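What follows is a short report on a single structure.
So that you can tell them apart, the chains are marked A, B, C, D, E and F in the order they are listed, and the count of residues begins at 1 in each.
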Amino acid sequence: MAPINTLHILNKAPEHPRSLACMSVLQSGDALLLTENAVLALAVNSIDPGVPVFALAPDLAARGLESGIQGASLVDYAGMVDLTTHAQKLINW
Amino acid sequence: MAPINTLHILNKAPEHPRSLACMSVLQSGDALLLTENAVLALAVNSIDPGVPVFALAPDLAARGLESGIQGASLVDYAGMVDLTTHAQKLINW
Amino acid sequence: MAADSLHNFTLVITGAPYSSQAPQTALSFARAALAKGHTLDRVFLYGDGVHLASALCAPPSDEPHWPAQWAAFLKDNAVPGVACIASALRRGLVNDAEQKRYELPACNLLEPFMIAGLGEWVEATMASSRVIYFHAGA
Amino acid sequence: MAADSLHNFTLVITGAPYSSQAPQTALSFARAALAKGHTLDRVFLYGDGVHLASALCAPPSDEPHWPAQWAAFLKDNAVPGVACIASALRRGLVNDAEQKRYELPACNLLEPFMIAGLGEWVEATMASSRVIYFHAGA
Amino acid sequence: MSTLMVIDQPPYGTWAGREALDMAFSLAAFDQSVTLLFTGSGVNWLRMSQQPGGVEQKSLEKNLSAAPVFGVEAIYADAAACARYGLTVENMIAGVAIASSSELLPKYTHTAFAG
Amino acid sequence: MSTLMVIDQPPYGTWAGREALDMAFSLAAFDQSVTLLFTGSGVNWLRMSQQPGGVEQKSLEKNLSAAPVFGVEAIYADAAACARYGLTVENMIAGVAIASSSELLPKYTHTAFAG
């Protein structure tokens, strides 16, 4: 796995002000993990945060989005744990 | 007081998705009452909903905004009651 | 319903105290409505709003006690206050009947609040000429 | 702190059950972390998250009982679960000591959850190598 | 009285939409006219093939499918929100009519959000 | 460990910012490095002359003024959010430095929101 400086964990829908704030501070070397409501960002075409994107598969499946998703690597809860230990730093939005 | 068709009562900050939704459905003959966090819209310059705007004075005062506010008529809780009985219909956003 | 005449209000509170401003705005509105001669059909607590009916809140002494203030207002003006049973059971708010039914260790409903079904809300919307919702602001 | 080695996690939950998904995501994460050999320093409930420690929730029988599931997880794994006292008192969550101190009619804290001050959170941030916050999603 | 229940919050992440649905079903159970409008991120309620086992919740898709049985008059989805979230007749549950929120809102005497 | 507490919710309407402030004060009380960042609609915490008597709450302006006494290292406000809400040196409480959120966030090892 490529090194991650800051892992941004986002659980808000794309319209939420904190989601917009998160997207605006991503930097090269960071990664974005979408959980809960935030996986809906992958249903919106225009999402390109410019950093590696991960998404929690159980949350995608709940929302009928697991199949055919592009632009994100799917992880389960174990994979989420690995991301949090692999990253140098976390921000929970 | 001019007749009011629908009184839209909004209590969300200007960034909130429901605030944006409210602003987008206002029609001629409606009025907008800003309460709680929504009075912050009056600190943002660009607000012009195109209908009469009322704002709850105690909420403005709490947020340091009571003096010098333009573009809205101030009401107290009694005035809020009057608006709700004067309007033909209410929507609480 | 004629505008500007006397009205019978139903207030629905969905925001919790000490988390949203909803219970405070609703109480100030309720006092102002009665002062103008209007009546309150009932107050209905829904969703997170059911926490307003908790008998166990102990806010800092320099902050208002919203459940106590609401309870006093309801008693003084003989206004029914009803917490939705489905919202309440999920969120840990029960009276002694529900305590027994679900074999829970205690009950925590503040009098004069009652627990009842959504039918109370439906009835209220039919009985009153104005229904006002006090939601959380964020 | 070296990446990819074993970590000691602190989980902070600020979203309430039956209102947000936070307690469910946190529990799934906690189980996965232990399964990988990591440790949990403690779980800290803050803000609306303190409702997770209620002993009086009675959700519909076909919905998960999040407080009960969390309590069992904490017991089984000897992980301390702490609800912030200031958040808890405002929101009507008390143990027997607070019940007596504030002369309240009942207590409703679910074992093994404890009530303590924010110092527990400060200590946890110092003692653990990863602090993860589970907030409400809206 | 005709009620429009508006669901503008996404499924599974919060309980507000679920509780709005309960309100709609209650009105219908008392023979009151009620219509559902999904808008904003709330339109994600309408996507087919929801599999919420992994987040230990009940299927809201299944829950919503009971609406006609209960007597809910119609289910509308806001057109702009559907477009934003890529919802089309192909991936949306059956029985949903597309509408514009601003045209729909004036038609009801009582409008409610669940939270 | 250096902590950045971020307050992005407006004052009085919700309790999250108030509880974030308590977190910051607790860190400071235990001699931990902590800095406050107000951003989004949270910058409205910083407006002078708050008079919350009419909504029966304590003044958050007064509450916040205790930050230096408690040992909070600095209070920052996001420049773009201040511009949006018309906050300038003239109507802002004293002791606040203007910054850009994106430049500030990478500087701290621990970032927290209250809710």
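A few notes on this one:
One rule holds for everything that comes next: a contact is a pair of C-beta atoms (placed from the backbone, for glycine too) under 8 Å apart; a residue touches a chain by one contact, two chains touch by 3 or more.
Nothing here was measured: the structure is a model prediction, and the numbers come from that model.
Common neighbours of subunit A and subunit C, listed by label, are B, D, E, F.
Steps from subunit E to subunit F, taking the shortest chain of touch contacts, total 2.
Under the touch definition stated at the top, subunit D and subunit E share these contacting partners: A, C.
Look at the contact of subunit C with subunit D and you find the same residues on each copy: over half of the numbers used there are shared. Comparing the chain pairs B-E and A-D, the larger number of C-beta pairs in contact belongs to A-D.
Distance between chain centres (mean CA atoms), subunit C to subunit D: 28 Å.
Averaged C-alpha coordinates put the centre of subunit C at 32 Å from the centre of subunit F. Per-chain CA centroids place subunit B at a distance of 39 Å from subunit D. Residue positions 11, 13, 15-17, 36-37, 58, 90, 92-93 of subunit B each touch two or more of the other chains. Chain contacts: subunit D has residues 18-19, 21, 25, 28, 47-48, 63, 86, 90, 131, 133, 135-138 touching two or more partner chains. Contact of a single residue of subunit E with at least two other chains is seen at positions 9-10, 12-16, 40-41, 55, 57, 112-113. Listed by label, the pairs of touching chains are A-B, A-D, A-E, A-F, B-C, B-E, B-F, C-D, C-E, C-F, D-E, D-F.
Here subunit A touches subunit D in the complex through residues 3, 9, 11-13, 16, 35-38, 56, 58, 76-78, 80-82, 84-88, 90, 92-93, going by the rule given at the top.
Listing the residues of subunit B that touch subunit F in their complex gives 11, 13-15, 36-37, 40, 43-45, 57-59, 61-67.
Within the complex, the subunit F residues that touch subunit B are 9-14, 40-41, 44, 47-55, 57, 61, 84-87, 91. On the subunit F side of its complex with subunit C, the touching residues are 9-10, 12-16, 55-58.
Against subunit C, the residues of subunit E that register as touching in their complex are 1, 3, 15-16, 19, 22-23, 26-27, 29-30, 32, 110, 112-115.
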